[in-house]
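Two complexes follow with chain A in common, the first pairing it with chain B and the second with chain C.
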Partner chain A sequence: MNDPRLVLFALTALFSIWAVMARSLLTSAIMLALVSVTVSLIFFDYGAPWAGVFELSVCAGLITVLFIGAVSLIRSEEEKHPESRARFYALPLAAAIFAIAGWFYLPPFFAEMAGWARPGTGGGTIGLALWDMRRQDLLGQVLMLAAGVFVIKSVFPRRTEK
Partner chain B sequence: MSSFAMEWYLIALLMFIGFYCMLVSRSIVRQLVGLEIVSKAAMLALISAGYWSNNLVFAQALLITMIVIEVVVVAAGLALLVKNFRLHGSADIWKLDSLKG
Partner chain C sequence: MDKALLAFLIIPLFAAVLIPFAARYRPRMADILANVTLLAGLANLAWLALSPSMIASEFANLPGDGLSLLLVGAIYLVGLCVTFFSAWFLDENLPNRPAYYSLLLVSVAAMTGVVTSTDFFTLYVFVEVLAVTSFALITTDESFAGVEGALKYFFLTFPASALIIVGLAILMLTLGSLSYENLRIFMSSDIPAGPVTFGAALIMLGFIIKSGVVPFHAWTPDAYQGAYAPVSAHLAGIVTKISGVYALIKMATLLRFFDGRAQALSEMLMFLGLLSIAVGAIAALRQKDFKRMLAFSSISQVGYIVLAAGLGTPLALIGAVFHLFNHATFKTVLFLNSASVERSAGTTDMDKLGGLEHSMPWTSWTSVVALLSTAGVPPLSGFWSKLLIILALWESGLRTYAVLALLFSIVTLAYFMVMQRKVFFGKKTAAAESSPEVSAPLLAPAIVMCGLIVALGLLFPYFYTYLKVVAERIII
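For the complex of A and B:
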């Protein structure tokens, strides 16, 4: 069993519980960034550096900045009308119940699922996969980004004087 | 127990935490936090499956697409949140009923 990777998985679960339970939305956003950092470390441990770099720069960087920007815009309202915390405090209990109940059913199922894998050749580089074999995906990604820009543009239209 | 089963067990736990957050919270920001956690679990499942089936290159290519989609979804969600907050002064999903007939 690969112990460092399992420690990173456990840290990811811990930070995500913290992100859900945090009273302040700002703390929640920062904990989410830490979740992204641990996830990217897991990617590096798997031997997937490209995924790790993208996760670290985009998810831990850009998305955190977006979250912090949005939270700072709505913070006054959140402080005036905070949510009821009782259901969030029940999360460790609910997660423990899920973990104990799942312990009996999930690992045997996943162990069986591991046998379904059709091992690939493992050859090629990420450049070959992205630029040659999955070139259409890049067009899809560009269109997706354009759709995102269009959403932002239509949600915040420029006001024109009549 | 194999490493694969243990890792996927923890991924399932992570997914449960994200779904729980989306289920119990009324704040749009926390809904998006829950969505992010679920998405992280899905990414880990994708890379783990790629690793164990010796197809890590394709898994990474797919994951990069997934990250782009995730960024757009979060940006659109947060833009809608800010716009709704400016119009109605609230970030509560139960108050998103201005289109109700």
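For the complex of A and C:
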């Protein structure tokens, strides 16, 4: 594995842990956006530009705007109830153990897996992939969006009533 | 995706989007729209499966593999019972009432997506939708137990999703496709067993956690006890079976084509199935809360399905599919009845209940039918599915498994008898004195389901013809 790619993977892991550990929700949202940015760079690096463009525009762009908008609405409430941080201290430790184990075992594992690899039935244009090959997954995504909207509608009216 | 059943996914989604607009000024429109959508879907499904020409051809013209149609039927049936019950059970002024029905319909659409998908990745996408809707539905009840149940559900099932996606990535890498048809062909060919077995093991582990099989069952009792009772019926009756157990059955049928090279995986599945039967049944015996006891009973009954899926013979798979369908019927009745008891007596603590049979005869006797079917008492439907599973174990030479499965069926009868005596029979307690029978609309779903339990038991030979067609199509 060459160095720039390794840096991108390390940054993705770092931003992910930061997003979970951050005290402020706003920092979490920004770190999550940075995770999406590094992941989209990984997609570009692996020759999947369409996945990179979607990741960058939707996850790093649109969703971050939504998160920051929501955080700014509830921020004053959150600051009144500081949460206990004790249980979060285990996370960096677990991540460190996983990273050390991964450093030793994952490269040979993937080297071995590459030996078994069989080319996928892909190819063609983005339109062909979305509308022909993975049409059902798009339907799943529409359902996921609808579910997300109804989850928000289900949770927030109660909060405002109280 | 099975195109003949596509409408059963799209129409509930459309209705779910329509509900918030239609119910803006008339909240009751949410009840009406949800119920009409599911009732119309169920009528269409009944026509597809039971039209005279279909029966005359002995189900030879079933769309797809037949299993999808049967399971979409179970999904719509439980969904209709839950929405109908909710219409009279939920508080009129619940502020998120339209969103609750929308979530239920999205959940129905996602489950339809799971059972009609022809590809493991598509199945995963719909299972994730189901996880999101289930989490939100559990939190509809804002009690401490509800939030605790939802959090446990979140912390156990989302790591399970990570395991599934890693397993899918490994299968994709080694086989180049995730469609069932291609997997079937590749597994029959001379491919190296190691990476495929590893990928399949990760996927199975993920779905075992989502099914609430022992030892990954910690979230189920809290989620079922903490949620609103109709939500518990929805989760225990159908959601966990579709989001977890169905995928296990699917994977087990694919592993059959692996020609014994994943034998250890099948044996592990059978062992966990038996462990689930035993731990669920023994834990159910010790419970004091009606809903919590039903949750442990559900863990035990899922064990029978997982055990049969692990065995993977045609007879075992017929038994697994039939028990999955039966579980949807009897568990829905029992959870809805627990809701009726809670509404009427104000508690589900079995030590405070007793003698409800006199004041709530319909609730009491529908519970008797459902519990006898769960325990496998003839001639009810549960008897046939358990018989098929035990016969399949016996035929395969796994006699210890068969005897233990039979033995724990007797334990099932024992804990349900204890429940029936504590809640409905015996001396009237103070709580039971002022507990009238619930209204007819709240009783209707339980009565309809009981009718189905009796009918499926008595007309089993016809249903067996259907199940045989399903088994032939998914295995041979």
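Definition applied: the second predicted complex is superposed on the first by the 105 of 162 C-alpha atoms of A that agree within 3 Å, B and C clash if a C-alpha of one lies under 4 Å from a C-alpha of the other, contacts with A are read in each partner's own complex, and residues count from 1 in each chain.
Rule of thumb we're sticking to: a contact is a pair of C-beta atoms (placed from the backbone, for glycine too) under 8 Å apart; a residue touches a chain by one contact, two chains touch by 3 or more.
Only a predicted model underlies this, so the values are computations on that prediction, with no experimental measurement involved.
Undergrad: With both complexes superposed on chain A, which partner does A:6 reach: first (chain B), second (chain C), both or neither?
TA: First partner only.
Undergrad: Spot which of chain B and chain C makes contact with more residues of chain A, would you?
TA: B
Undergrad: Looking at the overlay, does A:47 come into contact with chain B only (first), chain C only (second), both, or neither?
TA: In the superposed model, A:47 contacts chain B only, not chain C.
Undergrad: A:140 in the overlay: touching chain B, chain C, both, or neither? Say first, second, both or neither.
TA: A:140 contacts both chain B and chain C.
Undergrad: Pick one for A:155: touches chain B only (first), chain C only (second), both, or neither.
TA: Touch status of A:155: both partners.
Undergrad: Given the touch rule stated above, what does A:118 touch, chain B (first), chain C (second), both, or neither?
TA: It touches chain B and chain C both.
Undergrad: Which of the two partners, first being chain B and second being chain C, lies in contact with A:95: first, second, both, or neither?
TA: first
Undergrad: With both complexes overlaid on chain A, does A:65 touch chain B (first), chain C (second), both or neither?
TA: neither
Undergrad: List the residues of chain A that touch chain B in one complex and chain C in the other.
TA: Dual-contact residues (chain A): 113, 117-121, 134, 137, 140-141, 144, 147-148, 151, 155.
Undergrad: For the complex, which residues does chain A have touching chain B?
TA: 1-2, 5-6, 9-10, 12-13, 16-17, 19-20, 25, 28-29, 32, 35-36, 39, 42-43, 46-48, 50-51, 54-55, 58-59, 62-63, 66-67, 69-71, 73-74, 77-78, 81, 83, 87-88, 91, 94-95, 98-99, 102-103, 106-108, 110-111, 113-114, 117-126, 128-130, 133-134, 137, 140-141, 144-145, 147-148, 151-152, 155-156
Undergrad: Per the contact definition, I'd like the list of chain A residues that touch chain C in the complex.
TA: Within the complex, chain A touches chain C at residues 113, 116-121, 134-137, 139-144, 146-148, 150-151, 153-155, 157-158, 161.
Undergrad: Show me the residue ranges of chain B that touch chain A in the complex, using the header's touch definition.
TA: Residues 1-14, 16-18, 20-21, 24-27, 29-30, 32-34, 36-37, 40, 43-44, 47-61, 63-65, 67-72, 74-76, 78-83, 85, 89-92 of chain B touch chain A in their complex.
Undergrad: In the complex formed with chain A, which residues of chain C make contact?
TA: Listed in rising order, the residues of chain C that touch chain A are 1, 9-10, 13, 16-17, 20, 95-96, 98-100, 102-103, 106, 109-110, 113, 117-119, 121-122, 125-126, 128-129, 132-133, 135-136, 139-140, 142, 170, 172-177, 182, 192, 194-195.
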